[in-house]
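In what follows, a single structure is set out as structure tokens and then discussed.
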Amino acid sequence: MKHKPRLPQGLLTTGSITLTVLVLFATLPGYASIYTVILLAAIFMYIVLTLSWSIFSGPTGYISLASAAFLGTGIYTSAIFGKMLPLPVVVGIGGLASFCLALLAGALTLRLKGIYFSMFTFGLVELIKHLMLWFEINLTGTRGRFVIVVDHITVYYVMLVLLALTILTAYAIRRSKFGLALQSIGEQEEAAAHTGVNVTLVKVSAFAISAFFVGATGAIMATRWTYIDPYIAFNYLFSFMPVLMAIFGGMGQLYGPIMGATVFAYLEEILITRFPYFYMLFFGIILIVSVLYLPNGLAGLIQGWQKRVWGARYVHP
Amino acid sequence: MEDKKRLTRRDFLKVAAVGTAGLAGACSQIPVTGKDKEKIVVGMSRPLSGPLAVIGDSAFRPIYETWVPEVNAEGGIYVEEYGRKLPIELIVYDDKSDVGTMTRLTEKLIVEDKVDFLWPASGTSFVFAQAPIANKYGYVLITAEGGATSIKDMLPSLPFVFVTLSFSDWYQLPVLAELLGEKGAKTAYIVYIADLHGIEYSGVAGIEFPKQGIDIIGVKSVPPDIKDLSQIIKEAKASNADVFCCFAYPDQVMPATGTSMELGFNPKAWVGGPCVNFGFYHTTFGPAAEGVLGFTSFSPKQSAAAKTLADKLYTGKPEEAQDWWGHPLYWAGLEIWKQAIEKAGTLDQAKIRDIIATEKFQTVLGETWFDNGLLAKECHTGEIGQWQNGVYEVVGPKNMATADTVYPKPEWPTGGG
Amino acid sequence: MSILEAEGITKHFGGLTALSGIGFHVDQGEILGLIGPNGAGKTTLFGLISAALPPDRGVIRFKGEVITGLKPHQVCRRGVARTFQSVKVFPNMSVLANVMVGSFFGRPNTVSAAAAEGESVELLEFVGLSAFAAIPARDLTLANQKMLEVARALATAPELLLLDELMAGLNPTEIGLAMDLVTRIRDRGITVFMIEHVMKAIMCVCERIMVLHHGEKIAEGTPKEIAASKTVVEVYLGESAYA
Amino acid sequence: MLVTFLDIVIAGLLLGGLYALIAMGLSLQYGVARVLNISHGEFIMLGALTTWAFYTAFDINPLAALAICGPLAFILGFIIHRTLYKRLLNSSGSLALFEGNSMLASFGLMFIVQNLALMFWGPEIRGYSYLAFPVDLAGAVFGANRLVTLGFAILIGLTFYFFLTRTRIGKAIRAAAQDPAAAGIMGVDINNVLAICFGLGAAMAAIAGMLISMSYPVHTGMGLEYTIIAIIVVVLGGLGSIPGSFIGGLLLGLIGSIVTYFEPGLALAAYYVIFILLLLVKPTGLMGKS
């Protein structure tokens, strides 16, 4: 579907909408309530997590469960360097640390396919968590650290910048040669290799790029958490959440993961505050109903509407 | 408010009208704030789901769910500024046992819902994360589940935070060491959970035990999700220590007890907690709980007030609901809060804080006050408890004991439960 | 002059010997056929040349340089392209995009998007798929998917093209077109090394034929020589006796 | 020395037996029905809490609860597959899409089951002691309840093995694990086979829950932890290989036991080190086909 000849008008519309939305968000702290700002920063976090997950996992089909490892690396960076270095540097280091971790992990996991790759990445999260725990207890004699507190507006803007960068990167990759290479790997890895695609390099670098944004997000969001320990930082929910949100949103389009993360995160916020005793029940029901009636996610729903409006795109010969 | 209170999970099934009742309950939660105060709105972020739900639900929740209706039945808390009694309304959010969500919801309660007061989240690390936020906004925070030696160092910089729970060197382990030392214990083997709680308890034990002539002959840390403890219990058994300490949570203390029984490891003193202090420990192990030591803070035998509280909380409820350590301390915390509001005559947090920090109050524990942000150890009505004839007795400190320590503990019963 | 030379190529799978000590050469600009019964080691040999598999022993030289030990994409960029016995197109990508992957990545130099698209369009025309440029590759017929693989391979600007059973599963008309295509590819100056079971095709198109049996080279020569070879006939008769 | 060694090995097998049982259930659901069932642990929780409830309220022997929990869970699992996953299988365009969607659905199921259990039982920790006395085996001491657990795990594993190899439906399941189309050729309704697999997986989870409740505290939030162990074991053993899951479970228990003997703080880290190393050496698990 993605490879129909692209229309410049479509690009123009998308571009102008994106720009308007960005301006709207950039001026938001001026007129919205402070909690809106706090909540949006949290939703941005989920979008960045989901979108950067889909940068790598979307086209290649390698379901990574390493997000929590990258987020946790960023969180720990913030806890360790937060007091010594200026915030942008800390966020950068958080991103770079995750980037390096992903390079290493990526180089090791190349042989693994399917669920084996997924479980390897999951094992990575748990391994880092337990080693960190052991390390802290036996070598530093503590567990847990305080993170320097940063005000909401700063956190919001840093998250907004990260979000914009992630969307731009995801968009650029989708439209680039690199994106084509990634997709060819997902479609037929062996053929891609024999058609000249350096599959190792492409996979590892995509994995590392996506990890960068997650790590940077961890570094900035940790300042909202005040206190962290290995169990808090390397919480495997942050590995599952991006996958769920991306599937929920639909992975075929760029806006799928964005919508998935936004709706998912907002829905959760409503449920845990309005229906705290039945949050899981309602959430579960919504998940099952949506998976039954929206097998291609929210993006599939929207494409369905588009099809109904404009008629079927392809009439096959 | 009343609708919502009735809607606890278990009762909910009986109501059966799932959707509609849930909706009604939810809608009644939207707070109303206005010039004419009609109620005191109290907000909480609690772990209603996720791994911490186990702690939150059996520790602070039964306390506030008993205490709030009791106060509201009398019309609420008298606030001079408004010249009338204001009932308490609770807003409870589910933080899914996630710190990031908890800190966000705490800020939501403060900046968006503009609650009058903040009540605590659950768990020591959550207290660490929540305390600086409450303090930053100038909200009094009297904590419930959670306390640690390292929080003592923080409290001077957190004037709005008050810690009610007793903990390792405040003043449980010095008392435990003295009790065991007097009974002639010479050696101890310690297993602790690899978190703040475990590290602190084992660290404090390392200081206090030797003072009473008890050598620590083995120390092992275990990660929180370990399953099989048999290798460690075997090692403890082989060490022949007089005292076995398991400074961990129910998820480890329960299997540690079971494994000790299975492997026939019966030291002269078996100490475990938090876990032994809960009613479910006794319902699980029955007669095998006999002689096991844990932490505590009261016994209904101590005073009329203590008995009234125990009756209020536990009569007509399954034994699993009992918590002989935290419950009276949390209860006292709420009583202090109420009395401080009444004394201040206003809902102004700073004034209330000053009163809590400096004055003394009459609570279920007797005369009660905070000592640099910690509930004064002089107010504790017990530190160490022991199951004796199916009752959890206070055995230390001596001047508050309802029974003498049984040492050595009896053999585990054979032939299963 | 030979464009590809191999000496002593040996490959085992577990206890099984797929190739033992094969040596051969492909001349610049020729069409060399590779035949042999099922399990003779033909596809394994292609795998070794294109670096899908490492040989256990032996050396392969392409234009005089050793290519054993390289990665598949490196071999491709040096000028060796291949197609697959069981088609391996990128099913959800458009036909055009399939070919563009080849022009973008299969060459030693960088290619601009416009140039890549232009060449890809030209190659689709060359293999007769112009009409299908925009549809997803999965919707092509088997014959057209095979043509697409050829176009994709050609997009990498190869000097040597390895065709693995291009004509298997095609009907007589399609076989005719494919035979014509192979000749036209050679006419573009590209050396062709092809595995084929369709005897008519191999006899007509190839200038030279090599025969593998049980991992060993049993014959080599012009189509006429091969047709007359006793050993080859025995091998094939033996096989058909089983079948 | 020898006794210590035996001691460690047997202790590892005692836990490993439990892991094996949990993993075999998931192996059926994931290996055959292609549902990465995140709610697997919730069936363990249901089995455990039901057993606890029967034991404490009606004094029903935990082992007898097997006769109640097993069939109930089977029916529940069967119905869930017939209603939910079968529909998903039909509506998802490809196998990859189905795997994603069914995982999402199983997450939903996990949330629902957990919340319903919370409403019914509350989150409190429960436990009881049953057969908690030492048994001396040639100098090494073990809990009677754990030996019974291992016995049951082996018994159920063997029963199951014979079911798979000797019965028609079992053979169909094995065929479906290799290739779903093949089962259709054997003249077996593939939807029925998949639903039976899912039901059997649920039943094995419930039985494992029953055995767990004899040695460990149980509560409504216990499920996910076991789900993760099950997934690890299934992958370790090799996807679609039921003997692989059995061996993988025992192996994991063994490793945990050995590492705990030397350094309990690293017991869980060791699981993941072994897991990761094994995947690097053999990317398709112990008994997986490449």
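Letters A, B, C and D mark the chains in the order given here, with residues in each chain numbered from 1 onward.
Going forward, a residue touches a chain if its C-beta (ideal position, glycine included) is under 8 Å from a C-beta of that chain, and two chains touch if they have at least 3 such contacts.
Since the model is a prediction, treat every value here as computed from it, not as a measurement.
Shared contact partners of chain B and chain C, listed by label, are A.
Farthest from chain D in terms of Cα centroid separation is C.
Centroid to centroid, with C-alpha atoms defining each point, chain C and chain D lie 48 Å apart.
Chain B has its Cα centroid 38 Å from the Cα centroid of chain A.
We define each chain's centre as the mean of its Cα atoms; on that basis chain A and chain C are separated by 42 Å. As a whole-number value, the distance joining the C-alpha centres of chain A and chain D reads 31 Å.
Residue numbers of chain A whose C-beta contacts span two or more other chains: 130, 133-134, 137-138, 278-280. Annotation for chain D: residues 114-115, 118, 265, 268-269 touch two or more other chains.
Touching two or more other chains at once are residues 9, 12, 49, 194, 221, 223 of chain B. Chain contacts here follow an irregular pattern that is not a line, a ring, a star or a complete set. The chain pairs satisfying the stated touch condition come to A-B, A-C, A-D, B-D. Across the interface of their complex, chain B is touched by residues 33-35, 38-39, 42, 130, 133-134, 137-138, 141-144, 146, 149, 152, 221, 224-229, 231-232, 235, 237, 272-280 of chain A. For chain B in complex with chain A, the residues that touch the partner chain are 7-9, 12, 22, 25-26, 29, 46, 48-49, 92-96, 98-101, 103-105, 107-108, 111-112, 125, 128-130, 132-133, 136, 194-196, 199, 221, 223-224. Within the complex, the chain D residues that touch chain A are 30, 36, 84, 87-88, 91-93, 96-97, 100-101, 103-105, 107-116, 118, 228, 231-232, 235, 239, 265-266, 268-269, 271-273, 275-276, 279-280, 283-285. The part of chain D that touches chain B in the complex is made up of residues 7-8, 11-12, 14-15, 56, 114-115, 118-120, 122-134, 141-146, 215-217, 219-221, 225, 253, 256-257, 260-261, 264-265, 267-269. On the chain B side of its complex with chain D, the touching residues are 9-10, 12-13, 49-51, 53-54, 56-58, 194, 220-223, 225-232, 234, 250-251, 254-255, 258-259, 261-264, 278, 280, 283-286, 288, 320-321, 412, 414-417.
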